[in-house]
Amino acid sequence: MTFEYAPAPESRSVVDIAPSYGLFIDGEFAEAADGKVFKTVSPSTEEVLSEVAQAGEADVDRAVRAARKAFGTWSALPGSERAKYLFRIARIIQERSRELAVLETLDNGKPIKETRDADLPLVAAHFFYYAGWADKLEHAGFGPAPRPLGVAGQVIPWNFPLLMLAWKIAPALATGNTVVLKPAETTPLSALFFADICRQAGLPKGVVNIVPGYGDAGAALVAHPDVNKVAFTGSTAVGKEIARTVAGTRKKLTLELGGKGANIVFDDAPIDQAVEGIVSGIFFNQGQVCCAGSRLLVQESIHDELLDSLKRRLATLRLGDPLDKNTDIGAINSAEQLARITALAEQGEAEGAERWSPACELPSAGYWFAPTLFTNVTQAHTIARDEIFGPVLSVLTFRTPDEAVAKANNTPYGLSAGIWTEKGSRILAVANKLRAGVIWSNTFNKFDPTSPFGGYKESGFGREGGRHGLEAYLDV
Amino acid sequence: MPTSASSAAHALADVTASDSTLRRFLHGLPGVDAVGLEARAASLGTRSIKTTAKAYAIDLAISMVDLTTLEGADTPGKVRALGAKAVRPDPTDRTTPATAAVCVYPDMVAVAKEAVAGSDVKVASVATAFPAGRASLSVKLADVREAVAAGADEIDMVIDRGAFLAGRYLKVYDEITAVKEACGTDARLKVIFETGELSTYDNIRRASWLGMLAGADFIKTSTGKVAVNATPANTLLMLEAVRDFRAQTGVQVGVKPAGGIRTSKDAVKFLVLVNETAGPDWLDGHWFRFGASSLLNDLLMQRQKLATGRYSGPDYVTVD
Amino acid sequence: MSDRLSVFKTYKLYVGGKFPRSESGRVYEVTDANGDWLANAPLSSRKDARDAVVAARKAFGAWSGATAYNRGQILYRIAEMLEGRREQFVREVADAEGLSEAQAAAQVDAAIDRWVWYAGWTDKIAQVVGGGNPVAGPFFNLSSPEPTGVVAVVAPQESSFLGLVSVIAPVIATGNTAVFVAAERSPLPALSLGEVLATSDLPGGVVNVLSGRPAEIAAPLAAHQDVNAIDLAGADDVLAKELEIAAADNLKRVLRPQPVDDWTATPGIDRMTAFLETKTVWHPTGSLGASGSSY
């Protein structure tokens, strides 16, 4: 007899999803000007969750005008009053966190364990953190009376829908800006629930506007002449397009883009914790994480031993119903993303890397990809260079610290890296040489609202989080 | 299992050749990052074990309990009551499994043996000047021999923490091998590290390997007599050690967390640790034990709740 | 004055610590405010820009890896060397910008003082913009500024020396290396600055001086995949937009042109932070909690 965990599904009844949602503009839900709608589905079942109004250029314009109208009053509020609105929002998020966690799991496909234990606590913490800044900006090191920029146009991805919203909206509002935010087309729901939280918090109309839609809506928002600040999290290709769009304007731009993070394991690493860090680094959120440790750089002398441990550990990962509290690996967010991951993995095989996955039954409906690792990978392989944004780990080896650093840095990206060694001086020396915005040593994928996050090189510019994160929304 | 088990065991034989080889080996084991270890243990603690899985886990946990009394006030009457409870934990429900063992001081072994006679319940005895272990080797060995002679099936020895912390690993090793010899071929040896006194996870990993190299049949966290006893993290670490030891030598060693595990919820978390770390091979009273006393009644109450659908109360389980 | 015929200086580029002519062999005529001939300056080509980037990249490792104290010493040394050649620069700035000797001297003095100001910043900026973050967990977490890398600079057109120093010093103070395009019509103070830098213990390649047409040289720099950032200080609106678009190809950090009324005003730290990345390093602390063994 083996210890089979019985299904332990989180109750879906805690969330009430309406059959349709409008755009949230100037404090009201409204249909799109052209009446267009799109469906959002649950990636784990392909069930249609709701029908959502699809913003077009006219709607974006209306939202920007609403935000502009609200900006005068909002920015003129004493910081202490803005702070209280943000504290209210943080508290309401905490109160409704179970509902939001279930909602996010349904719309995104990620495990409830993650939305419950990572996404939602971080969302609330982010609003709490920036709430406290709203009346202390003169102490932030950006001059005696730093001023907001105006209307912030924010475009966020589908991998952490509500958390990315928090990263964008919390600092923007704390500094006195108003916001037009476009959530991703595959995950619009938590942003629309956030609109309801704004209503409950009594946030003045027009301060936050939510315009669900596709890339065209995002492009219209970024290009809108009355937007003063553009913040984007997403792919490097789109980030470059946005950088071209805002060229020659006065719009302030921050970009948080892709990555190909190296997780470097030295032969004196705390092996069991390193294995956990590798797993968290590439399988957290199905690897759909910009700062994922998607390249494992392992010292050649412990390659076999580490791979054995890693494979044994992967065999314990539980893939399936994201609402089940014991699920470790949920669904891929969309058919498109699944196709991309599949294609890159096939390319990895075609280029001669050795593919391995644990025995793992995939559900028949929905978008699923088994945890996968590739060995015999070199820097020349596509899977070692391109961001896969999925649960696919490329394993490379190195012989010396210099070689590890050289390989880690050998990418146009520079978002994250991991270092595993028990030798303190090696951590400091290697961390110093890595060209990446966040270095996790003897840990991985840790986030905190006080800690600035953002990339070097083509992983983007600007920082989100911490005191540093204020700069993006201040006229400095 | 590795085909090279014997050669691996042979290779490891060299490490106990001298104090310095032993030290080099133990200090060459991978380090433990405390935060990462605790995070992993906490993460496994969030597993949600429901319905059929819970029923399975509760019965399994009951069958793994070393029902323990280690008090100065222990009497034959107390030990007999304990034995009766171990054999038939829930008199109202005959389907309830017996516990794995009763655990008593050496002078109570004979009484305990009689109390569990005719059942599969083993008698375990702490020995070697439990709990401090501060006695000469000859006294410790006499303690062990008497317990074994009185019929103890299992001996729970304490290591010399003073020697360990002073870096005299070979002394600790020699003492364990001597006790193992005194156990003879019938009694299984559990080696207690008193993890709360070893203080660091690196030490717990080293002690685990030291104990296994010396022939421990079980490695056990603690005596229950110090401030910090079994924790999910230190048990997880020891489970990693037995897993790795078997992979390297082919020899399987059991694990026994003891002290501080009082609720069914806690016990189930430990079983999840076993399941996802050492693996299903350890999900058996022969390879995993809980050193506990009050835990059993909580397991029984949870078992009643599962059977009846209503919450039980302390009046519906027996005091022991 | 005797009738002695003076010796003209051949103005040359400063690249990788050496003084090459433009590989193109081209020069252009530089005149004073009255249109009188001053010198022929090298008319740099895109290949000169390429060579300068190679030199700047090569110098980056050692310069960014030098101690902040050491960088401060070297920046101060630049001020010392300039002080010694003050008269030369006063004359060149007066000619270049059509200023009186007193006005030019004020510009040069301010430029020398600016090097001193930035010399003092090298070992302080990290404390001002970096620091520990109180994360909610058992982790030590430190954010530190690091130089972005190779920075291309289109030097201000209207302030041939003070403006130039004001944009170059903050770039290299923090450990970046620079390739700059001197003011098109008044490149001589910039080219002479190269001679000062060469004698100030500044490693070759940390600053590379090009003269010529910004539109011609800056375009390849903005598009160069091994340039990490660009300062558009001296680009007009049309050129700035063009360069910013080109810079998007590898997501260079772009500092857009900003109106500067008075280069003598004390600068803030914005020109340094524009070319700094923030790196945040995490490490578990281990807790001394009640959970038993914890470190």
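Should a chain be cited, it is by its letter among A, B and C, assigned in written order, with residues numbered from 1 in that chain.
The definition used in the following text is that a residue touches a chain if its C-beta (ideal position, glycine included) is under 8 Å from a C-beta of that chain, and two chains touch if they have at least 3 such contacts.
For clarity, every value in this text was computed on a predicted model and none was experimentally measured.
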{"item": "Chain nearest the overall C-alpha centroid of the shown protein atoms", "value": "A"}
{"item": "Most distant chain from chain C by Cα centroid", "value": "B"}
{"item": "Selected interface, A-B versus B-C, where C-beta contact pairs are more numerous", "value": "A-B"}
{"item": "Rounded Å distance, chain A centre to chain C centre (Cα mean)", "value": "36"}
{"item": "Between chain B and chain C, centroid-to-centroid distance (C-alpha), Å", "value": "68"}
{"item": "Rounded Å distance between chain A and chain B, as computed from the means of their C-alpha atoms", "value": "44"}
{"item": "Numbers and ranges of chain C residues touching at least 2 other chains", "value": "139, 284"}
{"item": "Residues of chain B touching at least two other chains", "value": "33, 35-36"}
{"item": "Junction residues of chain A, two or more chains touched", "value": "442-443"}
{"item": "Touch list for chain B against partner chain C, complex", "value": "33-36, 38, 195-196, 198-201, 203-204, 228-229, 231, 233-234"}
{"item": "Residue numbers on chain C that touch chain B, as the complex places them", "value": "138-139, 284-287, 290-295"}
{"item": "Chain C residues touching chain A - in the complex, by the definition given at the top", "value": "128-129, 133-137, 139, 141, 143, 148, 228, 237, 240-241, 244-245, 247-251, 253-254, 256, 268, 270, 277-284"}
{"item": "Complex contact set, residues of chain B against chain A", "value": "30-33, 35-37, 39-40, 46-54, 56-57, 60, 240, 271-272, 275-276, 280, 283"}
{"item": "In the complex with chain B, residue positions of chain A that touch it", "value": "1-8, 113, 117, 268-273, 276-277, 316, 325-326, 422, 442-443"}
